[in-house]
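Here come two complexes built around chain A, the first alongside chain B, the second alongside chain C.
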Partner chain A sequence: MLRLLCVCGNGMGTSTILKIKLKGICERMGVKVGVESCSAGEAGAFISSTDIVVTTPEWGKMIRLPQSVVMVTTVNLMDEKGLTTKLEEAIRTHFPKEIK
Partner chain B sequence: MLKEMLIKDDLICIQEEVKDWKEAVIKGVALLTRADVVEPRYCDAILSSTEKVGPYYVICPGVAMPHSRPEDGVKRNGVSIMTLKTPVFFGNVENDPVRIIISLAATDNVSHLDMMKEIAELFSSQEAIDQLQSATTTEVALEVFK
Partner chain C sequence: MAILQFIFNQILGQAYILLAIVVFIGYIALRQPISKALGGAIKTAVGVLVLGIGSSTLITTFSGIMKPVSEKFGMTGILLDTYSTMVSTNAALGDFATWTVYTMLFAFIFNIALVALRKYTKIRSVFLTGNVMLVQTAIATYIVYRFLQTPMVPTVLIASAITALYWGIFPGLLIEPVKEITGGGEFTIGHQQMFGSWIAYKIAHLFGKPEDDVEQINFPSWFSIFQDNVVSSTIVMLFFIGIMMLALGKDVVQEMAGTTHWMIHILKTGLTLSVALYILLTGVRMMVGELMTSFQGISERLLPGAVVAVDCAAIFGFSPKAVLLGFVGGAIGMVTGVAALILAKSPMLIVPGFIPMFFDNATIGIFANRRGGWKAVVIITFVSGLIQVFGSGLAASLMGVAAWQGSFDWATVWVAIIGILKLIGNALGIVPA
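Here is the complex of A and B:
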């Protein structure tokens, strides 16, 4: 199972929408995931149990990640096609065993 | 759920005229204040964080979802919808200009999940966005919501 963490400024809006979208996307991709969401300030506490961080470019710049964690960013939260492509690419590159 | 709330608490406003993003946020959040969803200071919190960190809530082309944290004066979960006659620029290059303002208030990051699901589903449809922003009456706009 892959552990996804959605991050935004205060952990309420953007990260929640991302969480909802990603659950649907991963289900359709056939990838097993656990999805959490939090604010940029809280991200540090979650990072050790995260495989992929999903956020917008502006918050992406502010989060420091260990090398083992992959980041995927999107400007348009509703762009399901774009988000699917980016996420699939990240999974195939870094976690190939998780996807058929 | 969203539709009932918009009607019951009078939280939808169509083809509003505003001069800039700031006025758009002020008027959108004012609907929440009037319905006693948030305290007046909630709007100030959004404006000051926007000035500090930028327009962090422009979620997709044409749509902004201004909001702040629960402790900034949220009394209960709620959403207001406002469409703009003339689009405004928030400074988000990819998603500007904005014609729909979803003002969001949530008491925590869990209990608003159903509300957020409806928003995520609705605004994933370009057709729904187009219909909402071109609606000239509240009735037509409300048809977009299930």
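Here is the complex of A and C:
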């Protein structure tokens, strides 16, 4: 199962929207995921149990990523097509076994 | 009969259980497995209870300071915070507090109905920001009950009708502006300052030029600490609580502090408020994710073409500097408003909370920047801050509560709604004038 982490400033508004969209996108892709959301300040604590971080470019700059973790950024959280494309690319490149 | 009583009082009468059941039903309606539905229900219940712990700590700590301040200066304190307002109005409803959950459900249903009939209603947006839905319907329920004193069914229906109209009409004003700001995004804002944002968008050109885009300006690097909400809210809380405690005088604070040094006690109190807010938001986050999954799923099923109205934070990424500058402008405006009230010897001491200070003015700032550049951001959010303080004070005194949302729309649109309901209640002799 792939572990996704949605990060934003408050851990509530942006990341909740992302979380819901990502769950839907992954279901359609046939990928099993667990999605969590948190604020940028807490990301450090969650990152050790994450495979892919999804966030806006703004917050992306502030998060330090360990080698194994992939980051996907999007300015428009409501753009499902864009998110799907980016996420699919990230999964195919780094975690190809997860796609059925 | 006893079983029905039990079901009503012990289960449906407890918000955390009721919401858990709503989420459970939502998952099942979306054909999710029972294990997922159960997990979602548990997370919802836990989230609601965590929210409760956070808000009671917030209110207890705040009133611990507010009480001596109001005794010494003869003022009533009004805290401008979203969730504290909901807790206050729910407390005023007493045993009827669970009506608020029904209001939320029916407001959602009415919103969907209004969009389904969009040919006649011209309403295109479905409000999906769960945390805001919860708070707004809770407060709306008390507003109706306070002035009309109606039993459960009419109260819920009236409150949900009013809220659904607010949810349908005001986010609709921002559909085109959001499309412009996001370069084609097909969504709108469902939060607490749509009216303010719309006004900002319309008048911004009077104060500046869009070419003076705030995103082109370089901020000093220390500005970025405000981007972390925990840091920002701590600074804001410390500022206001610090001033209040200093006003009480060193000796009073030292007595409260016991063996701790009085300065450390001020620091601790400010931090405790920030901690309480953090716990509160953690609970909200847990519960809202679950609620919104259901609501969004249902909305997509029933109205595939509808425009969704989502958290204002969805557009923050498009103009991050406007977010910061808007916050600063609004903060200055609110502090000025509070000072003005004190100088005018008002009996009300408004204590601005972080949430309305930040989210409202960040959002209004983005719309102002789009049409008027940084000058519009600064001027408009400053005025917004003033309006937020004065309007909220008015609302709190009309409602007789010690907390109010502080958000722009709740200092303007909803004050009008309160006024109208009060007039009706007075005219029908339900409540004394």
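One rule holds for everything that comes next: the second predicted complex is superposed on the first by the 99 of 100 C-alpha atoms of A that agree within 3 Å, B and C clash if a C-alpha of one lies under 4 Å from a C-alpha of the other, contacts with A are read in each partner's own complex, and residues count from 1 in each chain.
Convention: a contact is a pair of C-beta atoms (placed from the backbone, for glycine too) under 8 Å apart; a residue touches a chain by one contact, two chains touch by 3 or more.
Everything numeric in this text was worked out from a predicted model, so none of it was measured.
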Joint occupancy of chain A by chain B and chain C, clash or fit: clash
Partner chain(s) touched by A:Asp79 [first = chain B, second = chain C, both, neither]: both
Partner chain(s) touched by A:Glu58 [first = chain B, second = chain C, both, neither]: both
First, second, both or neither for A:Gly41, with chain B first and chain C second: second
Contacts of A:Thr14 with chain B and chain C, given as first, second, both or neither: both
Identified clashing stretch of chain C versus chain B [7-15, 79-87, 205-213 or 259-267]: 79-87
Set of chain A residues, in rising order, touched by both chain B and chain C: 8-14, 16-17, 20, 37, 56, 58, 75-79
Parts of chain C lying in touch with chain A, wherever the complex brings them together: 129-131, 182-183, 185-187, 227-231, 281-282, 284-285, 288-289, 292-293, 296, 308, 310-314, 316-318, 320, 359
In the complex, chain A residues that touch chain B: 8-17, 20-21, 37-38, 56, 58-59, 75-80
For the chain A and chain C complex, residues of the former touching the latter: 8-14, 16-17, 19-20, 23, 37, 39-41, 56-58, 62, 75-79
Residues of chain B defined as touching chain A within the complex: 49, 53-54, 56-57, 59-61, 63, 65, 67-70, 92, 94-95, 104, 106, 109, 112-113, 116-117, 119-120, 123-124
